[in-house]
Every structure is written in C-alpha cells, then in structure tokens.
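Given below, in the form of structure tokens, are the structures.
Two complexes come next, and they have one chain in common, chain A, joined by chain B in the first and chain C in the second.
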Partner chain A sequence: MSTPPGSVPGDTGSSGRTEPAPPKQESGGWTGAVAGWLERRLPIGKLLPTRQPYYIGSWVYVFGVVTIAALIWVVLSGVVLTFFGPQWWHVSSIGHFINSLHFWSVQLFFIFMVLHLWGQYWAAGWRDGRAPTWMVGVVIFLISIVTAFTGYISQQNLDAQWIAVNAKDAINSVGVGAFFNPLNFGQMYGLHVMLLPIAITLLVVLHVVQVRMRGVVAPLGAADAHLPDGVREARPS
Partner chain B sequence: MSWLRPARGPDPNSFRTIRYDLLKELTVALGVVSVLVLILAGALSSPDVKPDTIQRWAQDDPVDFVTTATGELAGSSVSAQYGPPYNSGSGSVQSLGPLHPQEWAGVHQHVDSVNQFVLDPLNKAAASNATLTSALATFAAAKADQQTSWLDAYTAALANATAQDGAVVVPAGDYGPVDPMMKALLAVARSGGLDGLLLSGGGTFYQTDYTSPLLFLGDGGHLSGLAKDQMLFGNQWGVMNETGRYPGQAWLWLYTLWYQIPPYNTASNADLLVVLTMGVLSLALLLVPFIPGLRDIPRWIPIHRLIWRRFYAEERARRR
Partner chain C sequence: MDAPAPYFHWGFIEISLPNLVVIGVMLLLFVLALVLPFPGHADGNARDRDRQ
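Up next, the complex of A and B:
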C-alpha cells in the first residue's frame, strides 16, 4: 500500500521521496532532560570527529590510543584466563601462552599509560577547564596499580606468595589490612577479575568522553594568535 | 567543578583543522600493539616459578621447619606476636607518634599460631598415634612455666640440631613431650598433610583464604631463601622484580625507592612512613592542576616546544 505524497510529516511531496521526520522530543521528563543534555554537551560530531585542530599532529597523542589498545589486549586475555580458571595456565601450554599475552599486554599498558601521563603533564593538559580529565586519568593510573597488584598476587606461584607475605605489612600498617587481605587469594582474585577491571573500563570510557567533549587542549601560548581580540592567553589552571 | 563541563579558554575548533579518523587510528594502534604483544609473548613467554609448600619446606630444611614450628608453639614467632588484623599482639604494629592506624580496625582475620599452626594439626594426627596422644596430653596437663621451660630448652637445642634421614635430631635434654610432638608435626608436614590441615582447619571444605599457611611459611626461612635466590628481597628492589629475568611491577619504582634510602631504610615504622609518603604524592599527582608551582613547571621547562614543534614552527613562519 502506497502513501500519498505530502500525507506524512517531513514529506515535501516535491521529490517523490518520503523522508521520515525526526521524532518530536517531549519537553520535561528525565529521559528528555538527559537526551537534551547529551545533544548539547556531546553531539555525535564531537564524539566521533572527522576533523581535528592541526596541532594534534604530534607523537604525544599516540600514547593515549595505544594505551587503550593495550587495555583491550589485557581485558581479552584476562577474560580467557578467567574463563578457564586460575590454575589452568600452570598446566596448559595454551594457557601459559594466554598468560604471556596477559603479562606483556599489562607491561605495555603501563609503559604507554605512563608515557601518556608524562606527555599530558608537559603539555599541561589540564588547562582551560580540563582538570577533571586529568584527575580521572590519575585515578585510572592508581586503580591500575592496585589491579596489577591483585593480579600478581593471583598468579598462584612463588612470586605471588612472596609479594603477598611482604605487602601485608605495608597494607596492615595503615589499617587497611582488616578489609584488604593480600593473603586471601579469593578476595584478591575476585577484585582482580571483576570489580577493578570494571572500574578501569568505566573510567576509561568517562576519560575518553571528557577528552572528546572538551576537545584537545591548545598548545601553550596559542590562544593569543587564534582567539578573537581581547581574549588573553589562558594560564594553567 | 563539573566532570563533564565544556572547556574554557581557546576553542580547539577555532584552529585550522586536518582530516582525522578516530576509529582508523584506534584500529591501527590495535594492530601495532597486537603485533608487539604476540611477539613478546611468543618469544619471551612469562614467568611461573612453582610456589613453595610446607611439604617442600619440611623436606628441604627440616631443622628450619621444626625451629619455626617450635616458635609458633611458644608464641614467640612473628605471626604469634603480630598484632592487628591477626591477633592482639603488638610485635608488628607500626605507629606514627601517638597514632596506631593498624589497631583502628581491630582483629579481622583471627590467627592463633599456637593452636592453628601446631596443636590443632597434631590433635588431628594423634587419632592413630598413641605416642603423640600421650605427648599432647602431657603438654596440655603441664603448667605454663613447665611448658615454657621445655620449649626454651628445645629451642636452644635446635641451634645444634641436625637432619638425619628426614628427621631432626637434637642433643639429649629435658624437653618433655616437645620433641615427640615436633617429630610428629614434621612427619605430617613432610607427607603434605599440614598444607591441607592449615587450609581446612576451620572445618571448611572449600577454601580460598591462604592467610594461615602463608603466615606460617613467612615465619620460616625457606620461602625467604627461595625469594632471595630470585632477587625478590626488599633491599634488592624486590617489589619491582619478577622471578627469572622478567620485568616486574616497574611502576612501583618510587614506592620501592623509599625503602632504600634514609630515614625509611632504618625506621621501625618504615612501611607506615612509605605508604603515607606515597599517599601524599598520589594526592599531589591528582591535584597537580591546582598546585601552584607544580602546575607551572610545564611552562617553565619548554618541553611543550617539542610536543607541538610543528605548530610553533608554523607560528614563527606565519609571523615573519
């Protein structure tokens, strides 16, 4: 059954093609408020840009994306290790290889993340209202250290034993040992494969959204040359 | 401060733009990292040195095992006197002036080394051992002073003990029932039974908490000997190291550094001082954007000239 031209909203009737009209956004309501906020703050052009300011042509911007690439390998190899259980990789050559993928992707993840952190420090990447982006990045770094620590303890080998026996004294000394016991394999393993990776993944998503929303910070001293008259260079803040 | 507030200052969109493909960049990065990970994993593998066990300890170094177990029974071991969160001792409680944060949360993982590490396993082993049953009864019936006298004499004798065919032989002396008790515990440990008894001591079948066996192992010299061979000691920057020739937690280099230098390396509360120091430094890293001086260093030391080298070169050319 055909629809006569001009009988539906959005159809001009002139081209013979029927274009669906965008659904009318009801004002009010939680969903409408969130939708409006997202449209204002994070339009798709910002989330998935096809053009960027020319100053991003620098090696320093590589470290962020390779950190995410390494994290993808960490998560994928970790999922396989988790699926087959914590003892599998000790008795299976395939399991040992998967563990090796996990081990080296973690090493690369930290190398890239630290380079990214240093790059952003020397670029003063927190300028112009981007302090929350920096702070979320630092929190990711700190949680990653705790995650790696619980991973080393979950290895079930000599290194895991020695790290647990020694680390307990530092953790106990500040009173945290009552709730975070490195000698308790079950607790460490649960944190390592579940809560901490979820926290890191969510924070990385937030971090990327923050970067996309605010755009890449301008080079130090660039504002005078590119902003309209009367706008002064932004100090690091 | 809003976590998702739009940026202030220069608008990135006000600059000349270039083509940019975010998803392509991520895909290329993933490809490069995949090659790196596969090559490293395939060529270098990963470390996996077998864990120590109480059985292995008792077989490799029976004198050290019996010496440690005697200390557990006497209540003189590190674990027996540790303090929170394991027990009410104070031997390992660290303080900062009048502050004892280690004691604030109290005892959460109760560890009674006398019973959990020695007497409970022996009572289970005594079910088919009349000599051990008698020795345990004698020890239990003795007054505390008598027990201490036997244990002190036995501990002193262990300094001259020898291992013969897997048994520990001490010079003759008045040790009461302690010698047969320790011989029985050594036999249980050498069979591998003590590894299981320390995990199932609470009557549980499933178990994932290794607090008891790890504390027992940590009190002895066998685990630390294996760790020293692998360069894992604190004064060997051990927290950063892995077994074999593999990189460890290199990102803990700063944490480990403090243990190597004064005043941390001689302080009795070194752990507490190091953790607090790292806490303060972590907070400073988090708050860099708000700390005058720290946030200005990138402006004073122009490494940003390298980061945006092409941008500044074009700026100079444009102004000429």
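Up next, the complex of A and C:
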C-alpha cells in the first residue's frame, strides 16, 4: 500500500480532495517535530470534517457514537455517586435513581459497544491501515469488562460481597494473589472510580482520533469510483 | 425482583431469560440498522455523485 506523502487514506476533508502537504522544514526541537507530524497526519479538516463518504449514511455507523453517549452518562452518574457515597445511593430515592441511571447506562454502553463491534467485524474495519484503530477498540472492550466487574463489587451490598468472594476463589486459582483482590474494597473502588475510567476515556479519545486520521472504512466490495480520494489511491492495484 | 431468573438449557448452553432477551434485542437492532433507510441518505448519495 502506498500513500502519497502528506496524505492519509480516507481523507474526507472539507475540500473533499487530498492535497499532498508541502514539505516543511521542522525546527524548534521536539515540539516543532510533533506539531509538524500533527499537521501532516491530522489537519483540522480531518479532525472536524464537514463531509463524509456516501456509505456513512447507514444506521450501523450510529452504534459507535451511541456508545460514546452512553459512556458520557455513565461518567456523569458515576461522578454523582462518588460524591454522595454508598449510604446515599442505597437509602435515598434520588440515590436509587442515580444508581439505576449508572447501571442502565452501563448496560446500554455494552450493548451498543458490541453492536459497534459486530458492525466493524462484518465490515472488516481493520482494512487499509486501520489495524491500530481495531486494536485500541479491543483494549477498550477488555478494560470496560474489568471496570464493570469492579463496579459490581463496589455496590456495597450482599450481591457485591457474593460476587467478590466467588471471584477471589477464581483469581486465587490463577495465582494473582493480592495484586488484584476483589475482597479489597478500597482497591476495587479506587480502580473503578479513578484508574479504569481515565484509561477508558483516554483510549476512546484516541480511538476517535484514529478514525478521523484514516476515515471510516469503505464497505467491502465498494466500487473504486465510489471511494473518497486518498482511499482509491491507497488501494493495491 | 429478588427471585432468580428462569433459565433455559439446550445441551451445553445454559442462559437466563433476561440475557436471552438482551441478545435477541441486540440482533433485532443490528438487522434493523442494516435494512432501515438512513434519513437524508438519498441526498448524500446525490452529493457524492456530484463530486465524481
């Protein structure tokens, strides 16, 4: 696969046409080098495109953004739960409501993430240099599972204790020991409200930027005449 | 609410009714997303053809 210098396959910039960026003399140390790299790989026309290829007009492409919408609700309701604590979310009516909002947002997050995964799997979304985008999505999925698990055992109820004790048995059997201890509420809660959400949020931002850099993958078997500039040239002849 | 969910067994497959319903809804949503027309798609197609 060859790509013209200064262009990236899948360009859907506002001009609708990929122009090779003129070679630049980078100066100013590493900041200048990073700025030059960003200008070449992610110009503002790619970061915030005003046009998309015709094949974006399908509900299948909505699953990804709905997943992000659900994630926003998960984070917002989680922030409220963090401020008020278990006594509040188990006892008060509004606490029950926010707790349920958090739970059901997570259900929707996973449902639409899996639908997005199906859509990308059957479209072979890793084609034309998009393998890193696919792999970051895989990592987000795996971290999300651990985040949901630590959430289940941070509920501070019998369900959480039951899950934690059984999980400790399972994790003991694989020799993890206390490094990841489901019976350690502080460790699980800390991971759930701090480390793992930050990781997911950063990786989702990276995932979206990767999609912007390469553009959305063209459908399998799409006629070359229907592909955006950049994708057509990048395809092996 | 606290009662255990009904479970279904088919050979080695064992799944609760709520999980089965969720999977069914997901499959339905996926199929609908493939077949339902997207609003404004026809216009976008025409715009894209104009670019050729």
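Operating definition for what follows: the second predicted complex is superposed on the first by the 194 of 237 C-alpha atoms of A that agree within 3 Å, B and C clash if a C-alpha of one lies under 4 Å from a C-alpha of the other, contacts with A are read in each partner's own complex, and residues count from 1 in each chain.
By definition in this document, a contact is a pair of C-beta atoms (placed from the backbone, for glycine too) under 8 Å apart; a residue touches a chain by one contact, two chains touch by 3 or more.
As the structure is a computational prediction, the values presented were derived from the model and not from experiment.
Looking at the shared chain after the overlay, A:Trp126 reaches chain B, while chain C stays out of its contact range. In the superposition on chain A, contact is made by A:Leu142 with chain B only, not with chain C.
By the touch criterion defined above, A:Leu115 lies against chain C but remains apart from chain B after alignment on the C-alpha atoms of chain A.
Judged by the touch definition given at the top, the superposed model places A:Leu183 against chain B, while chain C stays out of reach. Put simply, more of the residues of chain A are touched by B, taking chain B and chain C as the two choices. Residues 51-54, 56-58, 60, 62, 107, 114, 119, 225-226 of chain A contact both chain B in one complex and chain C in the other.
Remark: chain C residues 22, 25-26, 29-30, 32-34, 36, 38, 40-41, 44-45, 47-48, 51-52 touch chain A in the complex. Chain B contributes residues 1-23, 25-26, 29-30, 32-34, 36-38, 40-42, 44-52, 84-85, 92, 94, 101-106, 108-109, 208-211, 214-215, 217-218, 223, 226-227, 230, 232, 234, 238-239, 242-243, 246-252, 269, 271-272, 274-276, 282, 285-290, 295-296, 298-299, 301, 303-304, 307-312, 315, 318 to its touches with chain A in the complex.
Residues 16, 51-54, 56-60, 62-63, 107, 111, 114-115, 118-119, 225-226 of chain A are the ones touching chain C in the complex. Remark: chain A residues 41-42, 48-58, 60, 62, 65-66, 68-70, 72-73, 89-90, 96-97, 99-105, 107-108, 110, 114, 119, 121-124, 126-132, 134-136, 138-139, 141-142, 145, 148-149, 152, 155-167, 169-175, 177-179, 181, 183-187, 189, 206, 209-210, 213-220, 222-223, 225-227, 234, 236-237 touch chain B in the complex.
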